[in-house]
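One structure, as C-alpha cells, below. Some questions next.
Residue numbering begins at 1 within each chain, and the chains themselves are lettered A, B, C, D, E and F in the order written.
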Amino acid sequence: MELNRFEKGLNKLAEVDGNAGEQVIAALDDIAPDLGKYIVEFAFGDIYCRETLDLKEREMITLASLLTLGGCEAQLNVHINGALNVGIAPEKIIEIFIQCIPYTGFPRVLNAVGVARKVFVDRNIRVAKINS
Amino acid sequence: MELNRFEKGLNKLAEVDGNAGEQVIAALDDIAPDLGKYIVEFAFGDIYCRETLDLKEREMITLASLLTLGGCEAQLNVHINGALNVGIAPEKIIEIFIQCIPYTGFPRVLNAVGVARKVFVDRNIRVAKINS
Amino acid sequence: MELNRFEKGLNKLAEVDGNAGEQVIAALDDIAPDLGKYIVEFAFGDIYCRETLDLKEREMITLASLLTLGGCEAQLNVHINGALNVGIAPEKIIEIFIQCIPYTGFPRVLNAVGVARKVFVDRNIRVAKINS
Amino acid sequence: MELNRFEKGLNKLAEVDGNAGEQVIAALDDIAPDLGKYIVEFAFGDIYCRETLDLKEREMITLASLLTLGGCEAQLNVHINGALNVGIAPEKIIEIFIQCIPYTGFPRVLNAVGVARKVFVDRNIRVAKINS
Amino acid sequence: MELNRFEKGLNKLAEVDGNAGEQVIAALDDIAPDLGKYIVEFAFGDIYCRETLDLKEREMITLASLLTLGGCEAQLNVHINGALNVGIAPEKIIEIFIQCIPYTGFPRVLNAVGVARKVFVDRNIRVAKINS
Amino acid sequence: MELNRFEKGLNKLAEVDGNAGEQVIAALDDIAPDLGKYIVEFAFGDIYCRETLDLKEREMITLASLLTLGGCEAQLNVHINGALNVGIAPEKIIEIFIQCIPYTGFPRVLNAVGVARKVFVDRNIRVAKINS
C-alpha cells in the first residue's frame, strides 16, 4: 500500500534525523502541531524524498543554507547530527563550512563550527585534523 | 616549480568559471584591483584548491549559500555557469535550489531559478523536466 | 467532490493574485515545474486556505515579511497586487511598510515603497495622502 | 495640553508593552539613554500613534518582521507579550508565524514559535490546538 | 531662532547628500510623504546631527551597514555620493568596502564596488590604484 | 627579515584583540585549525594590515557590519573589546551603534548595545552619558 505524504515524511525524518527530528516535531505538539505536520509532510515527505540528489547532497545543501541564514544554531545542531547520520564524515562537515567563507565571511562560519563542536562532543567524535 | 597562491588561484578560477571569472577580476582592475587579487588568492587559491570536497560539491555549497544570501544574482549567474562548467547537470542545479525551499522559503528560490533561466537561455540549455 | 491540495491552491491563488500568480506558475513550467507545484499546493493550498486569519491579514503579514527579507522586489510586486485584489486600500499598504521602519530601518522600507509606486502606476491608483 | 512626542510615546509604550517595554527603556539608561529616547519618541510616539492601522494590525506586522529578521528573539519576546496585551489571541500569534513559512522557510518560524512557547509558559497560557 | 527637527534635518540632508537626498524625499511626496518626513526628521535631524562622531565617520558607518544589508544598491548610490560630498576620498570608500570582506564575504563587497563604479563614472572620478 | 602573512597576521591580531583573538584561534585548533589559519592570514595579515584606513576606522567599520549581520554577538564581543583596545572610547562605540539605527532598525542596535553592556561590565567601564 502506498504511503501518504505524512507517512513518507516520517520515514524520511527518521532516516535523516533519527530521534532528534522526532523530538522537534513532538515538542511542537502542544503549541503549533500544524507546524510539525508541515515539516513532516512538506520538508521531508515532498522535498527530501525527491530524486536527483541523494541524502548526503541534500544535507550538504541544507547545512550551507542554515549557516548562511545566521541565527539558526538550533537547526544547525539538528542537521549536523543529520549529516553524520547519513554518513557524512565530521571532516567533511567542517569542510562544507569552510567552503562558505568566501560567500558569507568568517562570523557565520565560526558560529556554525561552534555548533559542530558541541555536536561532536555530544557524540564523542574526534575530528581528523585537516591542514592544507 | 611550485605555483604561488595567485597562480594556483588563477588556474582554479579558469577551471571553474572559464572566461566569466576572469572577466569579474578584470572588471575590478580600474577600481579595486586588490579585491580581485583577494578573490583569486583566497577564494580560489586557498579555498577552492582544498581537499576533502571536490569541485562539484564546492559549487553545490556555493550555490546554496548565494541563494540564501539574497541579492546576489550577479554571483549566482557566475556560479550557475561554474556549476555547469564542472559538470553539474542543469536538472541538478534546479534540484539544489528546490532543496533550499524549506530553509529559505519560496522567494529566494524563485529568484535563483530566475537567474538559472537566463543562464540556460544564454547557453542554449533545455532542462529535462523533473516531476515528482 | 472534495478538491485536492493542488485544486484548492489554484483557486486560492486565483482569488489572491488573479492573473499574476498564475503567470508566476506558468513561467516555471519549462524550468522548474515542481517549484510551481509546491507553491500552489503548499503555499496556497495548505497555508493560505487556513482558518484563524483572513486573506487581508495574511497579505499584510506576507508584505511585512517580504519587505524585511530584502531583495524580493519581484515577490513584493505580486503581493502588493494581491493585497489590492483582496481589498486592502493603497494607503493601508503604504502604512504596513511605514510600520516596519523601527524594525528594519529606512532602506528596506524605501525599496518596498518603490515597488508600490510601480504597481500603483500600472493600476492607475492615486494614493490619498496621509499626513500625521 | 498637547503631549510632546516623548509623552505620547511613553503612553503608547505602556498601552502595548506594559511593564516589559518600560524595562527595555530603563535598562538602557546607564549605557545608551538616547537609544531609549528614540525608541519612545520615534517608534512609539511617531509610528505606533499613527492612524490607518490599529494596534493589533501593527503588532501583527511587527511580529512578521521580527521573525523574518532572525536573531531578534529578545524583541520577539517583548512583542509576543505586546500582541497578547492588545488582545491578539495566542492561536492567532501562532497563525501569524505559520503564515510566514512560505516566505522565510521553517527555521525562522521554529525559532519564533520557540519564543512564543516561553512567553505562554510565563503567562500560564494554553494554546487551543488548531489542526487543519 | 532655534530650528525644529525637520529644518535641522533638511540642512543636514543638504550638507551630506546635496541634491540627491532632496530628490529621494521629493520622490516620496506623491506616495508616502510621511516616510520622507521621518527620514528628514529622524535620520538626519536626530541621528546625523549628533555629537561624538563627525560626518565622515557617520558616512563610513552607513556605507558598511548598507553593504552588509545587501539589496540596498539604491541607498549605497546615495551614500557613496554623500561620502564623496563630505570629503571622503574615493580610495577610502573602496577601502571601507574591502574592510568588510572578512565579515560579509565577497559577494556583498563586489555588489557595493559595482555601485561605486557607477557613481565614480557619473562624477568623472578616477580611483588612484591602491595595491598592497 | 620580512614576516610572512601568518606572522604579520598574528602580530596584528595581538595588536587589536589582545588575548581574546588568540583564544578564538586556539579554540579552533582541535576542530577546524585551517579556519583559524585563514582568519590570521587573510583577515588580519592581508586586510587589517592594509593602508588608507587606520585601526580605529577599521574597527568602526567592523562593528557596523557585525551589528547589521545580526546573530553575531560572539564576534561583536571580540570586536567591542578590540575597539576599546585600539583606543575608541566607550561613548564612541555606543555612538557607532546609534548611527546604524536608520539603516538597520532598532532590534539589531539593541542587541549590539546588549553585548557592549556585558563587555563594559567585564572591563569595569562606565559610559559617560551622552544626551542630545
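Odds and ends about this structure:
Keep in mind that, in the parts below, a residue touches a chain if its C-beta (ideal position, glycine included) is under 8 Å from a C-beta of that chain, and two chains touch if they have at least 3 such contacts.
The structure displayed is predicted, hence computed values, not measured ones.
Listed here as common contacts of chain A and chain D: B, C, E, F.
Taking the CA centroid of chain E as reference, the farthest chain centroid is that of A. Of the two chain pairs considered here, B-F and B-D, the higher C-beta contact count falls to B-D. When the contact pairs of A-D are matched by residue number across B-F, B-E or C-F, over half of them reappear in B-E.
Put simply, the C-alpha centre of chain D and that of chain E have 30 angstrom between them.
Here the CA centre of chain A is 40 Å from the CA centre of chain E. In whole angstrom, the spacing between the mean C-alpha positions of chain E and chain F is 23.
For chain E, residues touching at least two other chains, in rising order: 34, 38-39, 42-43, 46, 50, 66, 69-71, 75, 98, 100-107, 130, 132. Taken pairwise by the contact criterion, the protein chains are fully connected, each one touching every other. Chain contact summary for the complex, chain E toward chain C: residues 24, 28, 30-35, 37-39, 43, 66, 69-72, 74-75. Listed in rising order, the residues of chain E touching chain F in the complex are 39, 42-43, 46-47, 49-53, 57-58, 60-62, 64-69, 75, 91-92, 95-96, 98-104, 130, 132.
Within the complex formed with chain B, the residues of chain E that make contact are 70-71, 94, 97-98, 101, 105-111, 113-114, 116-117, 120, 127, 129-132.
If you check the complex, the residues on chain A that touch chain C are 34, 38, 42, 46, 50. Chain E makes touch with chain A in their complex at residues 100-107.
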